[in-house]
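In what follows, subunit A forms one complex with subunit B and a second complex with subunit C.
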Partner chain A sequence: MEAPANHRLILEHLKRKIPRRLAILVNSCVHCGLCSDSCHYYLAENKSRFIPAFRTDRLSSLFRRYHTWLGRLIPFWTGARGVEELSLKEFTDAVFGECTMCGRCSINCSVGLDIGFLIREARKILVELNQVPRSLQSTVDKAVTTGNNMAIKEEELTGTIQWLEEELQQEVGDPRAKIPLNKAGARVLYTLNPREPKFFPLSIIAIAKIFYAAGENWTLSSTNFDATNYAYYSGDDQAARIIARRLVDEAEKLGVNILAVTECGHAYRSIRWESPNWLGKRFGFKVKSILELIADYLSEGRIRVDPSANSAPVTLHDPCNLVRYGGVVEVQRHILRQAVSNFVEMHPNRENNYCCGGGGGLLSMSEYAELRLKAGKAKVEQIRQTGAKVVAAPCHNCIDQLMELNKKYKLGIEARTIGEIVADALILPSGRVNPSTDSPSKKG
Partner chain B sequence: MLPFSQALSLGALLFCFIALLYMLLQVRHLPHQRNLAPPRGRGWEGVVYAYTKALLPWGKESSTRHLVSYLAGVVFHLSTFFALFLFFFSFWLKSVPTSLKAGGSLALWAGLLCGFGLLLKRIFTPYLRSLSYPDDYFSNAIVEAFLLVCWLSLREGEFPPYFYFIAVIFFLYLPLGKLRHALFCLYARAVWGGFFGRRGVLSLWGVKRTEER
Partner chain C sequence: MPFIEFKGKKVEVNEEGFLIKAEDWSEELAKVLAEAEGIDELTEDHWKVINYIRQYYLDHDIAPMVRLLCKETRFPLRYIYQLFTSGPARGACKLAGLPKPDGCV
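Let's look at the complex of A and B:
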């Protein structure tokens, strides 16, 4: 371990900032190793260092050294290690570069350890030591300083939205169709992943079309539109709070009933589950995934779809933060069963589905790109076995990873959001099936 | 007056109890984040799930994939509970009832074999070895020693001093090393169930929540 200043920071952290849940969990691991093959890294690489319990052991060993009797007296006996024995590089690689915090091992731990939680706690220590990988840190910094993680300026967004609105009007054949901006009193504030306006604008049109067909009273914000929160990944609660507060303030300012989160797993988890805790308050509006709204529209008959518009076999990827950690498990299936004619589940699925390898902020950490693609092998195999031509992935990060996997492993699939699939099958109020049947936005 | 060995074992048990209680109180004093997000599912349902469905051999992928290890673990633990039960009752029973001898011996032998198997697995499987420290081996060994003296006592029909001396080591070591998971695992399992239950991920009846509550 390097500088004594770092020692002091870690010791201080271990003394004052250990949460109860962490202490319970690290006291509970029995080193049984049953979690090993739950992890897509271990399955891909078959190395001990990729066993989930091994990764968290760096944190646990510090805990044992300073918080247990035997660890203080005879550290080697329990594998307790002091800060002076810690290699920051190894620690950083283990908790940032080699774990997507997907929680698959958490679901499968024989005791019930939430490894994803422990890894984030370890990341918190590295935040204090300024050891967050540069690429991830710069994404967080951009979000904090500019309001969104791609530093998109308000004029730029407004321009894109104007252009998209014209496209929408053409597609639905109605000049009154709108993509409202900053509309006070709207029922729904829809939030975006900045990758959408930047690279995949057609996924915004897809949702706008659904809102149009459902007759929804909705709006986008021209300034606080970014649903993502990479500080959740980096483990920086202070930055996470700043980012989350913007969205909450915007929803309160516009007086909406629902803050709808775009198809983005960690964004949903951050604002739905973590932000109330970060901000220390309950919100006066509901937070919903856009999938929940689409499912509601279908159930209420507010939109109708023609599954024959999506005839290619479609399988469904379960983003970890939306499904395993978010609890949005069934609505996407409910939607796909209506919107496509050949839906094939991959196995295992739901909370047991494999991580694609792109979560945990890994997609933004170019340092670990090679390993990230190797770790996607379990997902590649799952997809291959379904024989599907389209992978529905309700998460923009997952879609990016799936597109890369598609290229590397020659899967021959197309990765698409559920919104795009629904939009293609939409029966518009005028009675016609949506004319754009082949969205070019997310080709593999 | 209790014989020395019995008195000593009760002292060790008292130490074990107080030490675990102290640890529990220490943990309870650590900062805890209240959950302010509205639940989707029911936390209690998740806790019940954690203690029922999740314990079944097919309750988790990890137990299904490692069925033999999982079942060996279950038998080893059940056998240890049985040995503890015998320890408590040894203060009342002057001699072991014959009805307990055959069944009890079988349970203890099953535990011994399973525990030994798990120990061998830990020693000879590279990935498990990489996860293990002396504490892991010793914890297994002390439990096995406890099971062994329990079985010997059953065979002899009475509880000799060495039974209590091994119990002393067992109780003294329990809060210090990995064996303290006996307490914390119960807690961790409930936390796990409560967390994923509240988020609507674990459901007793297989129906996932689609609406927030």
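Let's look at the complex of A and C:
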């Protein structure tokens, strides 16, 4: 039995804050069951509690009990449940630990319900009840208090960028190659996932190399460089606004035309699609995925690639927030068809692709790690069937999950960003492809 | 809370095998954590990375940037990824007894 104060808060939330869109959602599920086979959790575990309709019924049964006349009069008739029947632990596990908000159930839903949206609304209630899993909350707190989700200090970032700039100069054989910081009037402001400068900087060098070859006028910010927004995952709109505003202010301050987002699904979705609503304004600059810029460079002939540099079979993972929810679907295929010599689609693909299991903030939540790795089984099978040796994954979050799946299920693959794949195939202005140097990033 | 049995005692770890209390760490325990990571034997180079991360964490309460790790150990970045196939965070930091870093790892 939960404390009555929690029950009161849940009921108040349902009464005051339930948006029209959600009210329609909770009233419209016809329990057809089509969503069951669409969910990677249900495919992996085959338990009824992993059926998306069952998951969302935890919230909609409450709504029916208090906000529909039939549910109020004859609760058992409509499957309505009183708040006293709700276990907060079970509710938290269902909305944080057992759903990546990947949205695959929504496109397979007979009445088109946006179940990911409903789960996030449920997460919002749990924010008010201080029930956000510890590790996810800690990531949001770090971002709000330090300016990025890994608490990287400005001097640490600039030190890393200088180091990477030296690497870049060696790789392209041009001492004038730069990674410009805080450059006002640049055309493009490029933003990062903090795990890149902290632990995995090869993806930054790769993009810098592409910008160099394209002759792009670009910059990084030394303070507001974090493209991620974990408050999107936690359901905390107040924190989400604080984090989003930093990027928008930085782009406006530097006067850029384009804010380009690193290969990170939820970051793209947050700043491209959610932030104008969070902040209640239109932006004076465009938000683009870095993939859109790379595809433009290829189409305009600003960069050239040699696919023979990438001869191993490559397949492509579709990150949910970039593809299904973000609308960036074809450009990555356009790029890969030119940059690799053997591109194999996995099936299903594009909007119908399966989640890797690491989305929805799950990667950061150790609490649910065991289930997260089980839920990746659908992805593992898809990859196995392609016979690919490289999985291109335009999302750093997905890459980490794929690396873990690779280890657990012994897939024998390498997960890489599209930027890294393109950089390896790049024909530089000096005509050299992927020069081998003795620079520190190369094998010892 | 999950735990691992070590020298007849229970050492608390999180669901992904990161130590809960950094002070529980010892070289022998690192060897046990390495086995779980699929590293059969910790070489001198592994120890160089682990010891640097460990000392940096004790001084700064956070994991070092990978740039510092490369600079101090004089190892190329790709060599560090080879030593710790789960990466600097899930691999090296775990073996050095750090709590799981926040963020996309």
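Descriptive notes on the structure:
Here is the rule we use: the second predicted complex is superposed on the first by the 434 of 444 C-alpha atoms of A that agree within 3 Å, B and C clash if a C-alpha of one lies under 4 Å from a C-alpha of the other, contacts with A are read in each partner's own complex, and residues count from 1 in each chain.
Everything below uses one rule, namely that contacts are C-beta pairs under 8 Å (C-beta built on N, C-alpha and C of every residue); 3 or more make two chains touch, one makes a residue touch a chain.
Note that this is a predicted model, so its numbers are computed, not measured.
Look at subunit A after the overlay: subunit B and subunit C fit there side by side. Look at A:272: by the touch rule set out above, it reaches subunit B but stays clear of subunit C. By the touch criterion stated above, A:364 is placed in contact with subunit C alone, subunit B being left untouched.
Of the two partner chains, subunit C is the only one touched by A:195; subunit B is not. Using the contact criterion defined above for the overlaid structures, shared-chain residue A:282 touches subunit B, although it does not reach subunit C. Computed from Cα centres after superposition, the angle at subunit A between subunit B and subunit C reads 140 degrees (steps of 10).
By the document's definition of touching, of the two partners only subunit C reaches A:135; subunit B does not.
Shortest separation of subunit B and subunit C in the overlay equals 25 Å (C-alpha atoms, whole Å).
In the superposition on chain A, no subunit A position is in contact with subunit B in one complex as well as with subunit C in the other.
Listing the residues of subunit C that touch subunit A in their complex gives 14-16, 18, 38, 62-63, 65-67, 70-71, 75-79, 82, 85-90, 100-105. Considering their complex, residues 17-25, 27-38, 48, 51, 53-54, 57, 68-70, 76-79, 106-114, 272-277, 280-282, 286, 292, 295, 323-327, 329-331, 334, 348, 350-352 of subunit A touch subunit B.
Listed in rising order, the residues of subunit A touching subunit C in the complex are 135, 138-139, 142, 149-152, 156, 159-160, 163, 193-195, 197-202, 228, 230, 264, 363-364, 366-370, 396-397, 400, 403-404, 407, 440-444. Residues 23, 26-28, 30-38, 40-41, 50, 54, 60-63, 65-66, 69-70, 73, 125-128, 130-136, 138, 176-178, 180-181, 184-185, 187-189, 191-193, 195-196, 199-202, 208-210, 212 of subunit B are the ones touching subunit A in the complex.
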